[in-house]
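In the two complexes that follow, chain A is the common piece, with chain B as its partner first and chain C second.
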Partner chain A sequence: MSHAKLKALVFLVAIPLGFALAVWLGRDAARYAKPDKFVRFHPGIAPESLFYPPFSTLENLALARWSPGRTLVIIGGNSILNGVGQSDQNLWSRRLQEELGERYVVVNLSFRGALPCEAGALVAETLIKRGLPVILISSTAPATVGRVAGGTYGYLYYEAQAHNRLIHHPARDANLAAWEETATPSVREQQAELRRAAALDSWFHFQALWHHIGYRYGFTTWTQVTRNRFWRPRDTILDEGTDARPLGDRFREQLDAELTITRAFSAGLAESTGPLSWRVYTPQTGLTGELIDAMFPPAVRARTIMLLNQNAPYYRSRLSPAERSRDDFVFATYEQVWRDRGVVCHSVGANFTDEDYADRTHLAPSGGRKLAQLLAEYIRQFSPP
Partner chain B sequence: MIFNTYAFALFAAVFFPGYWLIRSPGLRAWWLLGGCVVFHGHFAGPAGVLPIAALALITYACALSRIRVLCYAAITACGVALVFYKYTHFLSGEILASVAPALSAQATALSVSWLPDAPPLAMSFFTFEFVHYLMDVAGGGAPIRSPKTFALFAIYFPSLVAGPIKRYQDFTAALPRALTRLELTQVAAGAQRVALGFFKKILLADNLTVALGYYEKVFFTLSSPQAWLFLAALSTRILLDFSGYTDIALGLSQMLGLRLPENFNYPYAATGLRDFWARWHISLSSWIRDYIYIPLGGNRHGPLRRCSNLVIAFTLCGLWHGGAGHFMLWGLWHGVGLVVQATYRDALGSLGTRIGSGLDRFWVLSWLLTLVFVALGWLLFFYPVAHAWPMALKLISFR
Partner chain C sequence: MNSSRIRQSGALALRLLLGLAIGVFIHYLLYRLFLPVQPFIYVAF
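And then the complex of A and B:
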């Protein structure tokens, strides 16, 4: 065999060997890899900076803290529960852990812009499937449930499904299939690609390996968040979340736009039947109910506390009496929609002050403390099956 | 990019080992054709496959007849299909709108109901390869008799999406050898080329794309050196993106034992525009030369015709990249640049001669001039004129 042929042969043999080594390392990473001293998914370790933590990382984060005899409190939901408006040190979920004490383990798996059924909810589901004592805390706006697939965090659903982590729930499969049928060809292909990626990952564990390398050794993708330090390992990118600005500086920016949003918050969900009297649009409540049924398996619903977030009082106080009464009516109606589906549901923020909000929706540290106290009470009262 | 999808990874994981394991050239050809059909069918979808299949059938049949009129009719059909799918929106929405806005609105509404959201996958590449084939056959070349060989030429998957634009004589000559004898060194070299292509495309070009997407929004707040750095990044990005993709295509083909024509040869090392086009997207520029510039008369009918032929050829080259006014202007920019380069020595008399010999002697200056000209041209390529013009002004005024 000539030297050139031998070189080619060595190279070609090295490809599958290297691949096998990567799979072995990925398998290992999928079992153990997770961020150090984790508090929350800040932008440096979240999709905002093109870092898509694999489902195994979320699972590892929850399991690493749990020990027998303790109840896992998994926090899902969006930027409100992620603690935008609170620094790492003043994060409301730290306060919740303090309130609940040693019997509970609080793990904040919320992401900015996530739906109540995504991310943390899927981790809670997989842990419930394993038989662990879990309570899921999530938050949303009235009438917002969404679907586990199709958004930024949809990859987590496909990964969890491909790794056979989820509870068999035919209603979810049927709902997603029906949604995909009506989607555009490009959306359908995008979903098929995510499914292919997840299926391949269940064999080869490349997501876990790649994100472990990205977290520990160096990242290769430029992002707006990490700009001049984009190549640095993500464990060097710290949580730069800050506490809300001084009260005098809050709320006034884009006041008109925020007021418009606050006014529209419940406008599409109920119609007037007389002075301060409202009737809910039933197609919307029906759709919300169907999505709750479809996206949350019964076992998860039974262990979920869903929070409906009120807008900041700074804006609500500027609503007309009729608009405020419509808001109250809509919140009460949608609380009932969740409760009818077996989910414990509470509206939060109605009795909070301006000081408690960082902006229209997010909580300042004092609001976070109030939320933690309130939730600790709900959790202690909560008696899942 | 299609090669950077899990669908392609799965396809490759099944297709390549199968191709290598099959020893019979006949069976290997069928396997290759099956792979090409699956690739095209999956990535183009039925709406993308049907028009191409129809054009391929027309092309094959007309060329086989060797009747010149039929070949030219098929060329017309290819041209009409290309204009219909790729330029209807441009013609009705931009060109017609400037002369008859009401008619343009009607035509646009009509075209929206007729046309698919996007033209069939690789429509421009198919058209150019079919036109080349038909013109060569009409000029006396031998047609491809085997439907299987023609189908392989038409939908050969490595070059399907972004070229290079193949020539059928080279392809049909190389195919039997590739199917008969596959060398280990070729497969290894191809794999290395694929790896290089992915490195250029994903690690470098895609990163630059994200960064440029951010900095283009704040371009007018950048300092002058930063703005020039932006332009350099823009120029680097398109080279890495396109040549990376071409490396992948060439590498994949080499892994099948078939060498495709090179498409890039250090284009930013060019010391003149003519030199640049001999190095950049070589398969396209040679196609433009052979099937537009030369048929228009080339440089055979005096300097004026030569100049107008250059401008027409490069305006069409610009339009080939997309149906929008800024692509046309990008082509025009290069066409005019080539005209200037070809004529300035004679047009400016002794001054032109002095400039010319000066540039010949100080090649660094020619290189810099070419680079700046090409880089400024990329602004027209990537941005609408209303955006590209103030960007160029900011750059050249060093503000």
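And then the complex of A and C:
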């Protein structure tokens, strides 16, 4: 063989070899890669800055802390449980860990803007599938369940599914298929792309490798959040979440808009049948129940504590007596909707004070402490696996 | 003679490294290809 042909051959063989090397490294990274000293997903390691932690990272975070004899408390849900309004040091899930002691391992896998069935809920599902003792904590508003696919964190569902991590739950498959059928062409195309990405990733492990490199060695994509030094490894970006402002500076901004939202929590969910008497709109309770059945496999429902978050008293105290009565009725009704599906459900915040809230919906450090104390009690009451 | 062999080996090593780098780069492109164009913007409501 001539030297020129040999050079060409070496070059052509090296390309798939290089690719295979990256796949091997990615497969390895999927087994161990996770953020150091993890407390919560702050914007520097979350989709706000184009960092989409792979499903394997979430699993690793939970598995790395667990040891036999301990129960994993997986926190899913949205910005309320993510601790917006609390600094890293005053985060409510740290308090929960202190309250529960060493028998439990608290892992906060909540994301800002996530639905109760996304992210942490899927990790809890995969851990339950492995037979580990798990309690899932999640939070939402009355009548809000959503779907595991279609939102910002939908990629986690497709990844978990492609890696065969989820419990077989035909009701979920059927619900998602029916939803996709009626979705717009662009949404259908987006879901198809996410499925393709997850299927390819299950073979080539590119998400685990390049997110690990982005976290540990340097990020290659400019984002608004990291604009000045976007190339910095994400492990150098600190959690800059701050505690709630002084009480005198809270709540007054956009008071009318916030009051409108507070009223809307229950306005479309019940109708008046007399003075301070209410009847629930059954289509919404029916739809909520169907989505709970579809998005949470029975084994997960049996291990879940769902929290329905009340708005801050600053706003609720400004509602009329009828509106407050409707609010109480709707929260109690939707607690029962979750309970009827086998989920432990509690409304939280009704007896909290202004001091306990950072804004209309998020908790200040004192509210976080109260939430931790309440939840620790609920978790201890929970029947063991 | 020796210097010619060294040059040939060097050229082969260069092709090997270049090929490996391209293979790794294709893997990176898969990651970039599926990265959303716009980041998620969190709005509390």
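To be clear about the criterion, the second predicted complex is superposed on the first by the 372 of 385 C-alpha atoms of A that agree within 3 Å, B and C clash if a C-alpha of one lies under 4 Å from a C-alpha of the other, contacts with A are read in each partner's own complex, and residues count from 1 in each chain.
Note that a residue touches a chain if its C-beta (ideal position, glycine included) is under 8 Å from a C-beta of that chain, and two chains touch if they have at least 3 such contacts.
Treat the numbers as computed from the prediction; the structure is a model and nothing was measured.
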| item | value |
| --- | --- |
| Chain B versus chain C as contact partner of A:S49, first or second or both or neither | second |
| Which superposed partner A:F206 touches (first chain B, second chain C, both, neither) | second |
| Partner chain in contact with A:P185 - chain B first, chain C second, else both or neither | first |
| Which partner, chain B or chain C, touches more chain A residues | C |
| Touching partner for A:L276 - first (chain B), second (chain C), both, neither | neither |
| Contacts of A:H3 with chain B and chain C, given as first, second, both or neither | second |
| Touched partner set for A:A350, first chain B, second chain C, both or neither | neither |
| Which of chain B and chain C A:F11 touches, first, second, both or neither | both |
| Which of chain B and chain C A:W222 touches, first, second, both or neither | first |
| Which superposed partner A:A174 touches (first chain B, second chain C, both, neither) | neither |
| Common ground on chain A, meaning residues reached by chain C in one complex and by chain B in the other | 7-8, 11-12, 15, 50, 193, 196-197, 200, 220-221, 223-224 |
| List of chain A residues in touch with chain B within their complex | 4-5, 7-9, 11-12, 15, 50, 185, 192-193, 196-197, 200, 220-224, 227 |
| Chain A-facing residues of chain C, complex | 8, 11-12, 15-28, 30-32, 34-36, 39-45 |
| Of chain B, residues touching chain A in the complex | 5-7, 9-10, 45, 184-185, 187-189, 191-192, 203, 206-208, 210-211, 214 |
| Chain A residues touching chain C - in the complex, by the definition given at the top | 3, 6-8, 10-23, 26, 43, 46-50, 52, 79, 84, 112-113, 152, 193, 196-197, 200-201, 204, 206-207, 209-211, 220-221, 223-225, 261, 359, 361-362 |
